[in-house]
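Okay, here's the structure, questions in a sec.
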Amino acid sequence: MSLFPTLLSVVTPDPPLVPSVGQAVLHLFCHVPSGPVSASPASGFDAEVVRRAVKSAQADGYQVIAAALLGHKADLGLMVLGPDLWRLRAFQTDVQASGAVPVAFYVSLTEISEYAAGVPEEMRQARLFPQLPPEGKSAFCFYPMSKRRSAEDNWYSLDFESRKELMMGHGKVGRTFHGRVLQVITGSTGLDDFEWGVTLFGVHPDDLKDCVYEMRFDEASARYAEFGPFYTGMVGDLDVVLTALGQGAPGGSA
Amino acid sequence: MSLFPTLLSVVTPDPPLVPSVGQAVLHLFCHVPSGPVSASPASGFDAEVVRRAVKSAQADGYQVIAAALLGHKADLGLMVLGPDLWRLRAFQTDVQASGAVPVAFYVSLTEISEYAAGVPEEMRQARLFPQLPPEGKSAFCFYPMSKRRSAEDNWYSLDFESRKELMMGHGKVGRTFHGRVLQVITGSTGLDDFEWGVTLFGVHPDDLKDCVYEMRFDEASARYAEFGPFYTGMVGDLDVVLTALGQGAPGGSA
Amino acid sequence: MSLFPTLLSVVTPDPPLVPSVGQAVLHLFCHVPSGPVSASPASGFDAEVVRRAVKSAQADGYQVIAAALLGHKADLGLMVLGPDLWRLRAFQTDVQASGAVPVAFYVSLTEISEYAAGVPEEMRQARLFPQLPPEGKSAFCFYPMSKRRSAEDNWYSLDFESRKELMMGHGKVGRTFHGRVLQVITGSTGLDDFEWGVTLFGVHPDDLKDCVYEMRFDEASARYAEFGPFYTGMVGDLDVVLTALGQGAPGGSA
Amino acid sequence: MSLFPTLLSVVTPDPPLVPSVGQAVLHLFCHVPSGPVSASPASGFDAEVVRRAVKSAQADGYQVIAAALLGHKADLGLMVLGPDLWRLRAFQTDVQASGAVPVAFYVSLTEISEYAAGVPEEMRQARLFPQLPPEGKSAFCFYPMSKRRSAEDNWYSLDFESRKELMMGHGKVGRTFHGRVLQVITGSTGLDDFEWGVTLFGVHPDDLKDCVYEMRFDEASARYAEFGPFYTGMVGDLDVVLTALGQGAPGGSA
Amino acid sequence: MSLFPTLLSVVTPDPPLVPSVGQAVLHLFCHVPSGPVSASPASGFDAEVVRRAVKSAQADGYQVIAAALLGHKADLGLMVLGPDLWRLRAFQTDVQASGAVPVAFYVSLTEISEYAAGVPEEMRQARLFPQLPPEGKSAFCFYPMSKRRSAEDNWYSLDFESRKELMMGHGKVGRTFHGRVLQVITGSTGLDDFEWGVTLFGVHPDDLKDCVYEMRFDEASARYAEFGPFYTGMVGDLDVVLTALGQGAPGGSA
């Protein structure tokens, strides 16, 4: 089915491994060696392999979002969403074959939280099958988080109603950033080291800062949230992102 | 006895070192350099050496489960069970000789917990000598865990009856996932950095997520569990797994 | 617009990504291989590439502060301030292209804190658009910090008035170091792993030590501050800094 | 005095640096590249250098215990005991010269604890000058530990009598494993990152697991112990251990 | 002024950057590749460069103490004291140019603590300008430490009198080791990751152990101290130290 026969993605096994609801998500944050602005592979990294991997995944119906990251933790950010875990692994294998160095990937699934069980179907679809990236919101950050289980502040010892009320208050703060920030929360309990992955898309970088700062005063965060590392950058077309990382435009017609 | 004379496994010392009850278990999570889809060794990794190591261990009566992992932490997951620690080390040496980079291995023993001392013989055998992988459950995760010893929530300061009651409640939640998730718990106190290793096999990836999420509200987890890193992937035949990692089919008749 | 056509900085995308108020800031702490005192590139590091990257950023109106660092954590410190995140990433890409190894970068934005909402316009401009480095203050340190959220000392559970009072007392201690230490605080909640970055410029190295030590007794720090790693060094002209790192003067007229 | 003139051990300085009581101990846990079963040096590791280092140390009257380890943390374990710290460093230098990669070494001294001040002379000698490895106990583990100093469970705020009583109870549990487990505790306060090193030798691997598990319920451990990483493996003759690590028998008469 | 024109130390900038009181201190703990006993550079490390760096610093009036370390954390320990931070950086650059791998350096300043404000002038000079190493005390250890700021045990919330009393008691325990251990405490708040660096010189290695162990029961340590990693070794002439690390005597008359 794929147009890219030298990539691994053509040989994912049958049957696939898919969640019974929603989609699988993989965030890939990689180091990319900087090189001169040219089309030839430099420093052991071949940007063309990444371009082909992304097109191949998109051809199979998977969404791929690209971001140039700021900071030493990673250079290139890719977020891929789709049904089959084997296909996500094929994408990971393809990306790693480019010479990009994997430094922080994150495994999660889209989900309807237990506090949002009764949301309208449209909202339900938006959460399980988000259309990304949102228009006009190129400020990007990702961070994983868990709920705290200390003796005094133990989220998992609260009853459902208390947790639901806290989450409602939390969502209310978040909605004050409507239009400035889009939040995508995916579940990773049992799959990766934190319980959720949070991906934010903002109009301005200070929208991200103000949003996370405001929510930190909300009791659900102030008392009960544990945050992992933050990855920040700029969403763009893959070619724009690769150029920002010192990897020039492709030589050919790709 | 082995058909693979160039492997180390033929020279394990006599006498062996075996547990007085149950089996020894080694989880091996490795980085594997990605390469083109071909049978020739690429990037310093020789998949054929892994194939021979697995066949040799199986020929000696050891079970080996293979998984392709998602995420930057590791690419290839192998879980080997059998009696002799020297033989497990020979397997580790063989795998490392392939060029796979060891990043997170875990040492444990199958066991009957003190709370399950009186279980029927069939269940006892299933715990000491599990038959893996289970049919139709290719969603895989592994994580190590310990019981908490903080001043307020100290598992090891509870009396046996309290602990047993908590574990019974915990098991009850687990059993609601019967048919969707198989749980294999092995003991590692004194052997590795956490007190237990937990290996889950699920029908769907969200079965793993839902199971761990639900159990986190149980008091035994909410107040008393400390979790290590999570390794997630897809169980499959070794050749399927290696192919997913960019390592093609063997050149010969394997 | 740039005079340095071989650098990436000429191709940042349009439109830029800028904060709606203030400036974006990137601290870059890098390892630099030591080499003989000569103009030729040594050990894979080309100091000339760093020189060009700094000049190019300055030509685009960005401030760049250079420091030689003490300690194993990093050798070269660069702090760059300006409007466009894409341009900061171009600077990062340029610096990494020199062979300098990125070990600890920090992403933040200049800001007016909520406790300083009503400061005079001059002070407001000084905080949003600081002119750096300050004259005669070549002792440098940087550290990130967050406010604590433990059960007993939870900054984010305090009301605004209590926090404002604590911050006023904190600022009062800081002002006793006026003339000895200049403090630049930039916000990073949601952007990097801590909530603020603190950059200090002192007349003497013990001014930095005495200032941070004194403030640690203030309740806002004593009970509520969590500190990340400290990076310490000497601010100087880029050529002085590179010479101190074993990288000689440029061969030409630079 | 040494028969191995090309090794460093012949040139330790005079005077030596020795503890005023007991012996110095160095645990060396190293990565060893796996290679084919042959006598020739493989992958940059020369097993013959390790063989000569061990013989040289033994010729100088030092005890050396060898173990093949399970897990990614290390492959080869060596424990050396003797009087002179300079001689231990010579051994370390010799081992590192083999190409074995040092990943976790531990520095400690044999000691009579303050709670055992009055033990019979024979027991005192056994603690200060243990004869290792014990016969028939080839299951090996090592872990460092400290006593806790949290606000609620602060070992160092207890008076001597309370601590002595806790240690007596602790020893009582330990003695129930007499014949199954030999425990060697060496002191490292002020010398390495934890306060003690614990080396266990067991008949079966589950003896180690059961012993550490049982003792964890004892109050001295439950409330007051902090454990570092665990290193687990199989004690054996050096040639057996090196063979298990993929390093064949020596070519000559060494 | 320097006799070593190829070293960087001749080109430190003018004016220097010096503390307004006392001296600057840099501890350098490095990995050094082991090699055969010969004068030629081995494994990318050139001991002669370290010898020249030390002589050059000494010629400029700086004290340099050398130690061979035990353990995997580092091989070579150097401690340099003197006025100018730029000169310390030149020393660091010189040492790194030898191929020694920096793994743990520490930045601090000598100081008179606020609790010792009124000490006699001789003691004041001994603290600000210590003469090192002390005669006959070749057992060496270094560790950084901070005072605790937990909710229950917050050093920085205590008033001055309480802290002074605790420090007096602490000093009293320390003085019982007079003649066996020399303690050098340097301040690093705001300069490095902990608040103080502690360098101990002992007659025997168990003097270090006994001293740190005894002081841990003192309330100032038991409740209020947080310790970083410990580096342990043997002080000696630089040539003795380099020989112990497998680096032979210099080829010439040094």
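Each chain carries a letter (A, B, C, D and E) given by its place in the written order, and its residues are counted from 1.
Rule of thumb we're sticking to: a contact is a pair of C-beta atoms (placed from the backbone, for glycine too) under 8 Å apart; a residue touches a chain by one contact, two chains touch by 3 or more.
These figures come from a predicted structure and were not determined experimentally.
**Student:** Which neighbours do chain B and chain E have in common?
**Tutor:** Touching chain B and chain E alike, sorted by label: D.
**Student:** Between chain C and chain E, what's the gap in Å when you average each chain's C-alpha atoms?
**Tutor:** That pair's centroid distance is 28 Å.
**Student:** How many angstrom between the C-alpha centroids of chain C and chain B?
**Tutor:** Spacing between the chain centres: roughly 45 Å.
**Student:** Which positions in chain C touch two or more other chains at once?
**Tutor:** 151-152
**Student:** Could you classify the connectivity of these chains, where an edge means two chains touch, as line, ring, star, complete or other?
**Tutor:** ring
**Student:** Starting at chain A, then chain B, how do the chains run round the ring?
**Tutor:** Read cyclically, starting with chain A and passing chain B second, the order is A, B, D, E, C.
**Student:** Of all residues in chain D, which touch chain E in the complex?
**Tutor:** 6, 8, 11-13, 17-22, 24, 26, 28-29, 85-86, 88-90, 92-94, 96-97, 102-107, 109, 111, 149, 151-152, 154, 156-157, 187-193, 195
**Student:** Can you name the residues of chain A that touch chain C in the complex?
**Tutor:** Listed in rising order, the residues of chain A that touch chain C are 33-37, 68-73, 75, 138-139, 141, 143, 150-153, 200, 204-213, 216-217, 219, 221-223, 229-230, 232-234, 236, 240, 243-246.
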